[in-house]
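Note that the chains are named A, B, C, D and E in the order they appear, and that numbering of residues resets to 1 at the start of each chain.
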Amino acid sequence: MNKILQIIDLKKNFGAITASNNINFCLETGEIHALIGPNGAGKSTLIKQIMGEMKQDSGEIILSGINISNLTTEDRIHLGFARSFQITDVISDFTIFQNVLLAKIGKEKKFYNFYSSIDSGELTYEEIKTILLKIDLWDEREKPASLLSHGERRQLEIGIALALNPKLILLDEPMAGLSLDKIEKMKLIFNQIKDDVPILLIEHNMDVVFSIADRISVLVNGKIIASGTSSEIKSNSDVKEAYLGTA
Amino acid sequence: MLKIINLILSIGLLLASSLVFADGHKLKVGMITTLSGGGSGLGIDVRDGFMLAVKDSKDIEVVIEDDQRKPDIAVQLADKMIQSEKVDVLTGIIWSNLAMAVVPAAVSQGKFYLSPNAGPSALAGKGCHENYFNVAWQNDNLHEAAGGHANSAGFKNTFILAPNYPAGKDALTGFKRYFKGSLAGEIYTKLGQTDYAVEIAQIRASKADSVFFFLPGGMGIGFMKQYAQSGIEIPVVGPAFSFDQGILKAVGEAALGVKNTSQWSKDLDNKANKKFVSDFQNEYGRLPSLYASQGYDTGKLLMSAMEKASVKDMGSFREALRSADFDSTRGQFSFSSNHHPIQDIYVREVIKEGDILTNKIVSVGLKDHSNAYVSQCSM
Amino acid sequence: MISEKNISYISLISLLLIAIFAEYFNEPYLITLLSRIIIFSIAAIGLNLVLGFGNLISFGHAAFFGLGGYISGILAIHAFNSELLISWPFLFSGSNNSLIIWLFTILFCSLLALLLGALCLRTSGVYFIMITLAFAQMLYYFAISWPSYGGEDGFSIYVRSTLFGINTMQGLNFFLICFFWLLIILFTINKVVKSPFGLALRATRFNLTRVKSVGINPFKIQLIAFVLSGAITGIAGSLYVDLNRFVSPSLLSWQMSGEFIVFILIGGLGRIYGPLIGAAFFVTFEQFFGSYTEHWQIFLGIIIISTVLFAKGGIIGFILEYRKNE
Amino acid sequence: MNKSLILKLDNIYSSYSNVQVLNGVNLLIRKGEIVSLLGRNGMGKTTTIKSICGILKPHSGKIEFNSVKINGMESYKIARLGIGLVPEGRRIFANLTVKENLIGSSVKGYWDLDKILTLFPIFEERLSQLSSNLSGGEQQMLAIGRALMTNPSLLILDEATEGLSPVISKKIWNVLREVSNKGISILIIDKISQDLKEFSNYSYILERGKSVWNGKLAELSSDNSKRFLGV
Amino acid sequence: MTAELLIEQLLNGLQFGFMLFLMSAGLTLIFGVMGLINLAHGSFYMIGAFSAAATFAFFNSFWLSLFASFSSAAVVGVIVEKTIIRKLYNRDHLDQVLVTFALILFFSELIRWIFGAFPLYLDVPKILNGSIEIFDGIYYSKYRLFIIFVGLIIATFLFFLIGKTNLGIQIRAGQYDREMISALGVNISKLYTLLFGIGAALAGLAGALIGTIQSVEVGMGEPILILAFVIIVIGGIGSIKGALIASLLVGLVDTLGRFLIPWVLQTITNPSDAMSIGSAIGSMLIYILMAIILILRPTGLYGKILS
């Protein structure tokens, strides 16, 4: 297996508070790697550093062998990152199609094109169709995102990430607020994707995590306290103590 | 579709209404003047004086518009007057910068322009034009007289200030042309400035023996009030503009005893002036100002020319204007070769008549005074 | 059937028809008014690119309008007086040729927009509004106190610039030049807004994080839009000076910036033809209401407030809505 | 069951912009009772609190406080009726001093500055300090003090011990017991813990915006615990 | 140049600064607490001045007209807040800019309708007429000293109100977290109305104080409004302290710049050019100052919160 993403000794302090305390982990091809931890454990801070929205104090982030520690978000996107947001963040005035198209335009650096019409279909129409079919939103492609249900927005988030043609996808609580059948649907989508694109999954729903994650890392107080398969994590006493409660 | 029909109908109406007024016998005057903002008192007086003069004429139609003392608005209004109202004669502009923006374009389009107030040097010298007549004064005139008066009053060290615009520069140039003493300071203020604390402090510090200022309209009121307030007791000299009837009330007691120079005063002893002063009071219920007299003379000049020639015959009409064959409120009045007045300029003093502040002539400053730019005009 | 497209065609054709009627009935002032409508709408179309589609509330677009005006005026007055404008690296005494004037206008307004944009786009929200306003005010005061070109008084340029030997002093000819510019700019904006760039620009108004997360640098997108916007508004300033044959600092005044925003609002926010409808309404309102009462601005104020509070779609939005309900 | 009702939520539906978050929440609190509200993240706990406090207006259902219908009321009026909120993330006014935080919204009554200082002696020396300098636990205490200073009859705590160390959490529990002893009813959201089990008289569990279980926590089966709370 | 002149100009700068503070204090609070960009603040300045002039014409009392200025501006402010402004709190900045721009048009034209276009003038009361020797050989206008004095009183009052009273605590809390202060039982909309009224009253008072030595006319509020905007951006949105310091800074920079730059230039060129160039640079100084401060500190000197 190939290491797609490597995090090495990542540190970040906010004043006296340590948000990332020597974090080390990696994401490999073909896997879903779940990152779990209680609220305030430093997951959001970690994601922001991985995405380049926040600068780490020290440590390195390596993408397929390239050190990207000091690159901007845009550059990281162009090198192969994609993410979904915890609170769905699609552009609500755009249609589903336009939301995905925007990602395509961004990825393919077509945003300095002033003359082609986005309505004419000449722009990567087929590729977008493939993506929308994959996330099951093709029939509703002309619907404005503001009219989508919560679950459909989650699906669209995945679609946008896929449109970036990424080397890996970072999913921040993709299941939050979804109904059980929607969750099942999402699981299917993830399992379909992961062979092409490995997934770094941040998720609270333990059922989901335990059923689809190939590996799980547990973050507590800015530190990774355990890493392993579902069964390893389930039986780890440190994890039980810190995260699952001593119930 | 209904919209378009409506549109066409309304345009038709608009066009029809303008056709009705296109009557060849009348003379149409476009008056662009300042009727709002800080300089509105001047425009209102010019308008009222002019309208009083032409009140009984059935052949003059006057269109009046407010330029808000903004050059760009004046330019647009001039376009409207010429293109839409199709006036024959333009008049009314108070401010020299507005005159510079409007007059050259208007006269080059074959319109007459009679200036009731502004007389910038550029339009008296190289930029003079056969269709441009100034019925008030060349800008320097009253200041030249003030310079002369400062000499005879024995002032040796004067502080002078004026707004930073063409007439302001003309004013200080005019004053300096006749004043023989030295200058304790020379300041150009921002046009339309309202607070003179900075300038007054400089006057106080300058140890001058007198102050000459040219700040027309609201600027002069503000300056005089703040000057009186500051407790400086150096005598002030100025042109009539800051001590004229329209603003004396606002300046208040601070103005009492101030000497100022003017080509007109309400106590000038001639028949035309007496009639003007009493007619004006009857019509508007207030004492006339210098500006009102200028507006009145402009109207009278126009009517005298209409009696001699039709405005459609531009050559004869121009000759008729040039002869200035009318009874001026100033008595003697004629045009120099660059179409600016030759007239007496008086020294007045602010006095109190009962409760009302007004002016009284104390001497003649300059006799049969013309202007310094005649030789530069090729007319 | 009235659609947004039809409204725009109708308004363009009406402009042309009214101008021809006016020429026929010898009403040159009406043509002047129509030219003013077009020029104002070009200025507002420029602003609309950043404000309507990028949600960048520039309260300083008069800076570009004024710069365009001053560039044109300065070139023209030097040509008129045959005075040297620059003596190095080559001798140049202005120009009376519209093409050269427009070229300079676009060049300098783009440069100014690039400079101001690079500074102002560092900020956002209220600070962006204030800093654009402040920079425009700075230019305004500079123009007022700069003695070489008339200072507060401004200066006259006496004749309009010439284009291919057309007599531009003839009202209809000048109107047609403005009209032609309007068509070009509408076509351009239409194309740009519907292009990938336009999609990216429209995305920046909603969500910068999202835009960044798909690999687009919003700053660059906004800056390019700002430059394009400044150049378009600059062209309007150039035409406006030609129309009035007069240049003054009031071109740069903050009321001017405010009025551009009002045109956009009245016409309909974020609509390509909004500024045209808005400017037409404004000028017509000013002329016709203004002839009934000099206090027409009271009613304008009330109309603006009601539009913002109750009819955010502006005139176009209102018509479309009305048709839909019928 | 003979104590009088203080708060009653009857089939509450609420939504954020277009997303339906609450789909029928029912909840009862009696005078002097300590009720806990549980559920996994994103299940609508905070939304329930916001709906009670009037920060969010429910679009159907009924909320009664001391028999007064309060849904649709402005939040300041609800607060004045006697609901004190300790919100998620504390939301202390970081630009104010500790004292200003406490007295800014205070209402005359049993709880005054002296009582609060007795409850939290650490503030005594730090009254004039900027509250942003406080640690997380101290901020939580300040938020509790601030709510108590409005002299509420119902205290609502959203994530009472989140992110706090065990020592500090213990302190908070002790304070809450003391508050409860003064007769104030408490509605508390927190992760399930031994302390919570001992502290609360009664519990409600939300799943996807719906009340799915209620009863004494001790009676929660491990199946249900796993199903609803993931534990 | 003498020391007397410099001191008198410094006092002029202070006086101008305190006037600007009266304008900017209300504006910065409204801005900081309610997140409202209020272009119409200059209209309250004008309304205050006109109320004073009208009262003065009837009763010939300066003190009564001063009272009329801030009370009428406060009343108009409260009415405008209750009818229009409160609909804007949750709108975007564009809507706020447009509506308050429209309010300027409305009020300016309404005042022109009622009072006419001619400027009005008030008289300085006898007791404040003339000048006073403040140091040996240094005279200064009593009225301008009075303005400085009023400015100091208002500044003290505001610092007390904002810093020490419960109302002030609530205002600052509302600035930080509007929703939370509301959830703690504070009627935020009443607080807003009150605050808006206070801001309007201060602007109205400034209008009357300045109108008395200058003139009272339509459009008098806008130039000073833009300066007030510059001040709150320099001082930091929402900070009274920032507004005071920035006001005095702008007042001094503007006054001294207007006087010193031409004075320096006069030594190298003629008075007219020195004045032109000097006033060009002088009037740009403030904006240059603002640009520099914004680049160094994007939220102003004392601004902390970015909405």
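The rule is simple: a residue touches a chain if its C-beta (ideal position, glycine included) is under 8 Å from a C-beta of that chain, and two chains touch if they have at least 3 such contacts.
All of these numbers come straight from a predicted model, not from anything done at the bench.
**Student:** Can you name the chains that touch chain B as well as chain C?
**Tutor:** Joint contacts, listed by label: E.
**Student:** Could you tell me which chains make contact with chain C and chain E both?
**Tutor:** Touching chain C and chain E alike, sorted by label: B.
**Student:** Going by C-alpha centroids, which chain is farthest from chain E? Tell me that one.
**Tutor:** A
**Student:** Busiest chain-chain interface by contact pairs, anyone?
**Tutor:** C-E
**Student:** Taking the mean of the CA coordinates per chain, how far is chain A from chain D in Å?
**Tutor:** Here the centre of chain D sits 33 Å away from the centre of chain A.
**Student:** Need the CA-centroid distance for the pair chain A / chain C, whole Å please.
**Tutor:** Here chain A and chain C have centroids separated by 44 Å.
**Student:** So how far apart, in whole Å, are chain A and chain E when each is placed at the average of its C-alpha atoms?
**Tutor:** 51
**Student:** For chain B versus chain D, what separation do you get between their C-alpha means, in angstrom?
**Tutor:** About 77 Å separates the centre of chain B from that of chain D.
**Student:** Residues of chain A that touch two or more other chains: which are they?
**Tutor:** Answer for chain A, listing residues that touch two or more other chains: there are none.
**Student:** Which positions in chain E are in touch with at least two other chains?
**Tutor:** Touching at least two other chains: 112, 272, 276, 279.
**Student:** Looking at the complex, which residues from chain E come into contact with chain D?
**Tutor:** Going by the criterion above, the answer is residues 166, 169-170, 172-173, 175-177, 179-188, 304-305.
**Student:** In their complex, what parts of chain C are in touch with chain A?
**Tutor:** For chain C paired with chain A, touching residues are 191-192, 194-200, 202-203, 206-207, 209-217, 221, 224.
**Student:** For a test of understanding, state which residues of chain A touch chain C in their complex under the given definition.
**Tutor:** Residues in contact with chain C: 51, 53, 72-74, 77-78, 82-83, 85, 89-94, 98, 101-103, 105-107, 109-119, 123, 160, 163-164.
**Student:** In their shared complex, at which residues does chain C touch chain B?
**Tutor:** Residue list for chain C touching chain B: 10, 14, 18, 21-22, 25, 27-30, 32, 144-145, 150-156, 158, 171, 244-246, 248, 250-251, 294.
**Student:** Please give the residue numbers of chain B that touch chain E in the complex, ascending.
**Tutor:** Going through chain B, the ones touching chain E are 35-38, 40-41, 44, 164, 169, 186-190, 194-195, 197-198, 201-202, 204-205, 218, 221-222, 225-226, 228-232, 250, 252.
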